[in-house]
Every structure is written in C-alpha cells, then in structure tokens.
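Quick heads-up: structures coming right below.
Each of the next two complexes has chain A plus one other chain: chain B in the first, chain C in the second.
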Partner chain A sequence: MQRVVQLVVVLGGVSLLTFLILNLLPGDPGLAVLGDNAPPEALEAFRSQHGLDRALHVRYFDWVSGAVTGDLGTSFRTDQPVLETILDRVPVSLQIVVFAQILALLISVPAAIACVWKPRSWLERTINTSAFATISVPNFLAAYVLILIFAVHLGWLPATGFSRLSNGVVENLRSIALPTVTLALSQFGIYTRVLRSDMVDTLEQDYVTTAYGKGLTNRRILVRHVLRGSLLSLVTVVGVNMGVLLGGAVITETIFAIPGIGRLMIEGIAQRDLMVVQGVVLLAATAYVVLNLIVDVLYTALDPRIELGGQRRA
Partner chain B sequence: MHSSLSPSSVTDILEVDDLHVDFELPRGRLHAVRGASFSLGSGESLGIVGESGSGKSVTSRAIMGLLPATTARVKARTLRYGQHDLLDAPERVMRRLRGGEIAMIYQDPMRALNPIMRVGDQVAEAIRAHEPSLGRKELSTRVVGLLDAVRIPDANKRIRLYPHQLSGGMRQRIVIAMALAANPSILIADEPTTSLDVTVQAEILDLLGDLQEERGMGMILVTHDLGVAAWHTNRIMVMYAGRGVEHATTADLFEDMRMPYTRALFDSIPRVDMPPGSLLKSVEGRPVDPSNPPPGCAFRERCHLAVEICGTTAPPRRQVGSHWWDCWDDQEEKSVK
Partner chain C sequence: MLDSTVPSIRSRARRLVGARIPVVVLAVLTAAAMVGPLFAPDSGSQDLRNARAGPLSPGHLLGTDGYGRDMLARTLEGARISIFVGVASVALCLLIGGTLGITAGYWKGRIDAGIMRVMDMVLAFPTLILALAIAAFLGPSLRNVVVAISFSTLPHYARLARATTMSITQRDFVSSSALLGAPHRHILWRHIAPNTVSPLLTYALLAIGMAIIVEASLSFLGLGVQPPTPSWGSMIAEGRPHLQGAPHVALVPGAFLFMVILSLNLLADSLRSGAPAAGLGR
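Showing the complex of A and B:
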C-alpha cells in the first residue's frame, strides 16, 4: 500500500517536472515542425490544433488526466497517438535490455565465484583486470570496436539496424547481437565486482565455517551458502540498471540505429515533439518504480528476515 | 604420550601431541597454541577449560582443519584421528572426516546457522554430505528423527522454519542435530552453552551428555567454565596461554587442584554455599599477550604464589598417576606457605 502511494507521488512529480521543463524551454514546437518560414496563420492553426494556445496548467491537467486513462496525446509531427508509438518501440528496447542483463549475469556470476574460489590466482587477476577494463571503457568505444571486428573485418553480423522478430528469429538475433553485447559488457564489470565483494564478506561468516565443518564440498558451499547469501547488492544494482536502460539505452541505440525507446526520445527532443518526450519520460519513470518494487519483493524471497516494507528483523 | 596415563581409555581414537598453531597477522605472528597435547579414547569425554585466548577454540578448529589456510600455520608432532594423519590428509579425506567422523557444535547458534536457509535443509545437507545416495523421503525422515533426538517438539513443523524464527535453545539443538547427522565418533562442543540463557544451559548440557552416552561418542567439551566441565566429563585439561597446564580425571581434579590457575578458575564459579552478598572472585590480571609470551611460567604475573624461578624458567611437569600439572610450586613449598 505504502508502495502504491509512493508510485503515485513519484509519477506525479516526474510528470509535473518534465512537463514544466519541456514547456518552459525556449523554442516553438510549431516552428520546429512546420519550419522557420511557416506563415503565421499556419503556426496559429498548429497551436490551436494541439492546444498550445491554452494556459500552462490547463494543458498539464489535460495531459495528466489523459495519461491516467492511457491517452498520452498525439505526436506533433506524425499525428500518431504517442502511446501507440511508444508501445511500438518498447519491445525493441526491452529485448535488447533483457538479453544484455541475462548475458551480463551469465558471465558475472561464474566470474565472481571463480574469484572467490581461487583467490590470488591468475584467473582472479584476469577477471579483475577485464572487469576494470569494461567499467573504464566508454560504451560507444566498445560499440565501435565490436562493429569493427564483427561487422567490418569478419562480416559475421550487421553493423547497424534492427530486424523484427516477425522477419525471422535468426535475423532478429543477428541484428541485436552487437548492441546486446555492448550493453552486457558495460554491466559485466560492475556486476562481477559487486558480487565478488559481497561473497568475500559472506565467506567470513560463521555459517560458512559450519558448512565446511559438515564436510560439504567447496562447490556446494560456494553456491548454496556463499553465493546465495551474497545476492542482495547484485539484485539491487541489476534492478537500478534495468530501470535506467529501459528508459533508453540512448547511446547504444543511436550507434546501432536501433528503433527503441532511447532513439524515440532523442528524436523527440530534436524535433521539439513535446508529447513524445513527455510520454517517454513518464514511461521510464514508471518502469523504474515498478522495477524497484520487484527488487523489494525479491529481497524478501532472498532473505526471509526481511519483511515487505523494509524492516529487517534480528 | 599421556594416552597411556588415562585409565578410562582403551584405545585412543584422537591423539594430539605438541600442537602448535600460529597466525600470520598483519601486525605480526600470534602464537595461539604453543604445544598442546592430549588424547581422547572412544566414548570418552574430555573437558578443555581456559579463558578466552587460551587457545582452546583454536585447538578444536585445528583438529577439524577449519582454520583459515591463508593465515593459520598448524604444526604438531602427532595430530591423528584413528589411522588418519590430520595434518597430511588430502582434502577429500578431510571432507569425509569433517562431520562424518568428527563433528562440531559452535558457540553461537545464530551465527553458526545460515540465516536464509530452512533449518531442516541445513540438517539434511549435513546428512547428504556423507550419504549422497539417500532419497528425498528417507532424508526427510532422518531429519525429523534427528530433531526428535535432540528433543525438539513438533519437529515436522519446525524443519520448515528459519533460524530467526526459533529460540536460542532450539537453534542450538538444530546445531547439535546437524553435528549428529552423519553419526560421528567424536563431538567437539566449543562453548556450546555460553550464548544461551542460564535456564537453557543445563538442558543443553544434559542433552549433550545423554547423547554422548547413548551413541558412545567421544566428546571434547571446550569451555571457560570449570563448573560446566564438571558435568559429563571423564577428564579435564586446563589450558593457559596456548598450552595445557593441568590435567586429571574430573574427580581427581576437583579433589586436588595443583596449578594455581586451575584454583583461580575454580574460585570464579558461583556456588550455592556462598554467603549472600559475597563477591565472586575473578581471575586477577589479564591473560598474556599470545604474540609475545614471557619467559618462564606464563601465569606467573597473575599468580599469588609466584617465586623468583617462575619468571626465568618454564615450570617442570609434575605427575602423579594420570594427574599432571606444570608448576614450580611443589607440595613441600605449598605446605610451608
């Protein structure tokens, strides 16, 4: 219940802020859409068609009351309903983001386990170095390196563009391979380091000694006791990252020309298509809050001492 | 060694001779155990008594091979369980011995249990570590049976709980059930009642004593409380600054304490025959710094009987039957004072 109130407050705040910032910025959407040489009558007609001639608060409440019923207005440029445009783009971004998270976790979790299993080994040093490297290398650079290798030199994968699932699974997967790997790389380092550091702490716990005292194998101790007891921070970071990326992996989508949410927002901003930008921001905020809600529910599943609402009992 | 001196033991299943444990710490080397020697016959119960820092817990962990490999250096003339050299055994053998032959009960059950795993699963895991082929159903029957054995009522329901949902006494019973899981020959109980309420302490000690007798297990009861060690032990070894300083059958020890430290520990036990309002004696002074032990007798600075020679030369080991103690203060001197 508390959570639902929080959701409403956050979304209310976000909607008001984006609306005010976008609408108080200098620059006339009419001029942007119709061009600098548009006759005054045309501009006037554009304004009244989109309700831009009304007072600010009237427009805000009009937009919010529409948003509540699922109507996010229509795009200034295409006259398409904004919600429809967004829903058209969401699956594209969602697929890449989810795949990237899965890929990042598939590498990070074993990597972190390996670090704890063989501390001070060449394996740990290699993992540590590559984790640092992927954190330090900016996303766009990794993207271009990948394009250079796999698209230009080897020619295995398309450099840019997106093929919808309806055009065939293989084509679809080929088209998202490079952006997915780019995103996953940027997460891999963080996830590995967060998990490894928590596992090192858990390893010091008395119950791990107990587990050794039972005669369990190293493998079982590391997975059942150490890994299982070290997931809270990782889940938190994954949740936050997912939220951020669902709001648009702007750089990655731009480089690979992926028609996702991030691209939609960038285009909207460039073209002063206020309705589209407002809609995307609202969607991103919602995704963020909902993901955090899921993270909280996961906490209670991971640690039975935590109760929904945040208190942790002794 | 001393094994031949203990009348109750027919065969020693555990033999510890001249055990040394050093910790390499950033601030220097710490000698936690400096030549501890004892043995345990099958079905026999040995109390190891000493203050915190006397090396008693480290000794028990050294036997189990549970000390951190990165910092702990374990050396001994003999460290043997049955036919197994515990210093040299491959990890695969040690894994079979841990829990399977030698099992441990820990001081604080809240910390010894995994907080995010159901207690039933934690017991089951201890069984399956040594009997991997056991089926699901059999396993859960065994778990419930173990919980019954440690006198946990409603075992069927309790197995589904998490540690924080149980009381301290119940948690310690779970730890004991875990230790019993693979029918070990030796139970090492490291301060098993220290973290518990006084009312529960006696219950847990009785339970341990009964289980030890029923199952014919050897037991090492590690405690700082000579009063606790008086229960259910055949022999007691008193440790100070990483070594044994006095050893006797439990009856002999309470009859005739020779080492002043043992006497000081004894005087710190509350007794019912004390006049109301009288103060308990604590052992005066502080334990020696284990990273820098002084020459001579380690206890001399706290000993009210200390004479000059105590500060220069390590005390000799005196022996009467199975009773031995390290002290310069021999019988004649004592009668003079």
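Showing the complex of A and C:
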C-alpha cells in the first residue's frame, strides 16, 4: 500500500516535469504547426482550440486530470486522440521488445551456466569476450551490420518495414527478425555478465556445499540451486531494461522503420506535435516506474528473506 | 607489485590488455582528433566526382562519403565533438551532481529529502527519452546536447556522492574533526569532498561512454550537432542510404564509436576490479 502511494507521488512528479520541460520552453506550437506565415487570426483560433491561451497551471491540471481518466488530449496535427494514437503503436513495440528479451535470455542463461560449469575453458573465454564486446556495440552499428549481412548480401530478410500480424504470421516474423536480434544483442552481454557474476558468488554459499555433500549431480546443483539463488540481479536488470525499451527502442525503430512508440515520439518531435510527445514521454516514464515496482515485488517472491520496505533479514 | 599474491604472468598480461591498451587507444584518438584537422584534407570540401570512394583510395585513407568529403577528416572532427560532449557533460554532472549529493548526504533531513525527491523524479525517465525531449525543445545545438545529457544523467552522480558522503560522515576522523570544533566548511572541503572524488571518477569513466552514446543517438536522430558539422551519430545516419554499395560511409564512424566505447568499458572494468590501471588510479 505504501508502495502504491509512493508510485502515485512519483507519477505526479513525472507528469509535472514532463509538462514543464515541454511547455516552458520557447517557441509557439501554433507557429510550428501552421507555419511561420500563418495569419494572426488562424494562430488565435489554433490556440483557443487547443486551450493554449489558458494559464500554465490550468493547462497542467486539465492535462493531468484528463490523463488519469485516459484522455491525453488530441494531436495538433491529426486531431486524433493522443491515447488512441499511442495504443495503436504499443503492440508493435511490445512484440519486438518481448521477443528480444526472450531471445536474449534464451542465450544468456545457458551461456552464464556454461561459464560457471567450465571455468577457465575456451568456452568461458569465448562467452566472456563476446559478452563484453556486445555491451560496447552501439545499436546502430549492430543494426547496420545485420542489415548488411542478412538483407543486402544474403537477401533473406527485409531491411526495413513492418508487417502487421494480420498480414500473415510469417511476414510479420520476417519483418521483426532483424530489429529483435539487434535489441537482443545489446541485452545478451549485460544479462550474461550479471548472471555469471551472481552465480560465482552463490557457488560459495553453504547450501551449495551442502548440496554437493548430499552427492547431487553437478547439473542438478547448477540449475536447481545455484541458478535459482542467483536470479535476483538478473530479474532487476531485465525489469529495468523492459521499462527502458517499452518507452520505445527509438534508435532501432528508426533504423528499421518500425512504427512503434519510439518512432511516434520522433515523428511527434519532427512535426512539433506537443501533445503527442507529451503523451509518449509520460507513458514511457510510467512504464519505467511501474516495471521497477514490479521488480521490487518480484524480489520478495524470489527471496523470502527480503521484506518490502525493509532490509534483508539475516 | 609487492602483494602477497604475486600475479601470474598470464593475469598480468591480461591486466595490460585490460588497462594499457584502452589508454593507448584513447590517447592516440584524442591526439589525432586534436591535431588531425591540421593534416587531413578539409572535412567540408565536397567533390561529387569522387563520391563514395572506398577506403585506401588515393588521397583518402578511409574513402569519401556521399558528397565526396574525406571520411578520415570527418571522422576525426566527429571525434572532437564526441570527446567534447563526453567530457563536458560528465564534468558538469560531477560538479552539480557531486555538490547536490554531498549537500544532501551531509545535511540530511529536509534538505536531503528535497534534493533526492527531485532526483528521483528525473530518474523516473528513461535517459534517452528525457534527453530527446529536452534536446527537441531546446533546439539542436552542441550546447543543448550537453545540457540535455547532463540533466538526464545528473541523479546518478547525486546518488553516488550522497551514499559516499553518508558513509564517510560516520568515520572516526570526521566525527573527531567535528568534535574538535572544525566548521562545516572545513569538514566538507577537507574531509568529505576529497573522499568522494575516487568513486565519482570511476563512475565518470563509464559515464563518458554513456554520454558519447547518447550524443551519437541524438545526432543520429537529427537532434544533435547540425550538419555540415560532422558528428559520428549524424555520419552513421547519413551512411544509411549507402549501406548497399558503399557501407564504409556508415561503418567507419560506427567502428570508431565502438572502439571508444569498448576502450572506456575495458578501462572502467579494470579500475573496478581493483587492478591498478597503467598510469591511473594512483
């Protein structure tokens, strides 16, 4: 309950900061939308239509109370409700982000186990090096290299564009393959390193020694005991990353022309569509904060020694 | 190396790779970025007849871009932008974030609560999204990029400085200094501030890499330094249509970006694991 109150307070702050950043700064949105040569009467009409002629605090409370009831205002350009526009894009981003996380975890978890299972082997060194390298590869570079290999040279996959699920599953999967791999690649290194270092720590715990003493097999110990006891940091990092990416994998969506949330924000910025940008930023921050809360709650489920709002019990 | 555990030759070799090579790479690149423009061809001069020339072509070591401009000259000029943004934004953050964190951690109570709640608010935004929003509405320019990056990464520094300050304040030498009647100003300057430097600087190494990536992302999206001034991000974006046929236009700045980030990560990693980096950490 305390967490929920905290969440509301943070979200209140987030909405205020979003609003202030985007509204206090110079530049008349009417001028930006209608063009520099717009007649004063048209500007006046635009301002009153979108309520821009009201005082700042009135506009803020209007926007926030609307946001609570699911009304984020209407776009300056299309006059469509902002929430509708955003909800139209969410599934696209969500699909890529979730697929990328699953793919990254499918590779990272076995890779981390392999590192602990065979320390100081060529396998461990290969995994370590590639994990370190992928962390340092900027998204654009990974995306370009993938496009070069799979779209330009091999011609197996489309370089850009998105095909909705309604156009067929295969086409949809082909269109999201490269962006998904791009995102997964940047996560793989982080997840592998986090999990591996936690597993190394867990190996020294008494209960693992006990498990060995009981004569359990190596594999069983690694998976049942060590892996399970080492998931906390991984859950945190995955949760935080999900939060970041749900707000839009801006770069990846731009390179692959994927019409997701990140793309929407860039389009909004390019068209100076204040309401859309405001809505996307608010949504991105909300997703981020809520996912962080979920991670906190998951903690207690994974490690019963941790209590919410308290310290780890000895 | 007079430790009781004498490191094996192998682990020593690894340490060299871990610390010295990235230092050399970064130093060479920084030097090249500073003096390069004196030697390399003019980065702005277009030559459309010689556009998209591959690397190692006569007169153009790294080839030319879509307008026939020399890639090496442009990449080095981009390096200057990256280094400037990385160092400037991190320095700004160290100064402001460090001050805020030390203030919060030392005075505690309401001041602490006030500062940290504002920091939590900023922290509630994904970094790139916040930087984008700020850069978009400040307008694209080098100065605004630095402001956008600094503002959106400030809480990390404040948190680190606050945590360090709180643990130092409890140490004996601080409480004895206070008992001897030293004024707050003396304790803050002489005892607290110097001890927050080391953890903050270690973090700063990683943060420079992050700042460089955010700068590249902003200019990739057209919200950073404006053309014709080359920045790695905008060069990578300009190379997109040439991926087929002249991939070097995008891959050269991309490779430089990768090299810098990798070097910074290696350096930060070797500092964190306690291994003394060559020429650093003393």
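Of note:
Here is the rule we use: the second predicted complex is superposed on the first by the 310 of 314 C-alpha atoms of A that agree within 3 Å, B and C clash if a C-alpha of one lies under 4 Å from a C-alpha of the other, contacts with A are read in each partner's own complex, and residues count from 1 in each chain.
The rule we apply is simple: a residue touches a chain if its C-beta (ideal position, glycine included) is under 8 Å from a C-beta of that chain, and two chains touch if they have at least 3 such contacts.
Source: prediction; values computed, not measured.
Look at A:112: by the touch rule set out above, it reaches neither chain B nor chain C. Touch criterion not met for A:264: it reaches neither chain B nor chain C. In the superposition on chain A, A:194 makes contact with neither chain B nor chain C.
In the superposed model, A:215 lies in contact with chain B only, and not with chain C. Which of chain B and chain C touches more residues of chain A: that partner is C. Once the two complexes are overlaid on the shared chain, A:103 sits clear of chain B and of chain C alike.
After overlaying the two complexes on the shared chain, residue contacts for A:185 are found with neither chain B nor chain C. Interface of chain C with chain A (complex): residues 117-118, 120-122, 124-130, 132-134, 136-139, 209, 213, 216-217, 220-223, 233, 236-237, 239-240, 243-244, 247, 250-251, 254-255, 257-258, 261-262, 265-266, 269.
Those residues of chain A that touch chain C in the complex are listed here as 10-11, 13-14, 16-18, 21-22, 25, 27, 132-133, 135-138, 140-141, 144-145, 147-148, 152, 159, 243-244, 247-248, 250-251, 254-255, 265-266, 269-270, 277, 280-281, 284-285, 288-289.
Interface residues of chain A, counted against chain B in their complex, comprise 205-207, 209-217, 220, 224-225, 228-229, 302-305, 313-314. Residues 64, 66, 95-100, 103-104, 106, 108, 111-117, 125-126, 129-130, 162, 164, 175, 178, 181-182 of chain B are the ones that touch chain A when the two sit in their complex.
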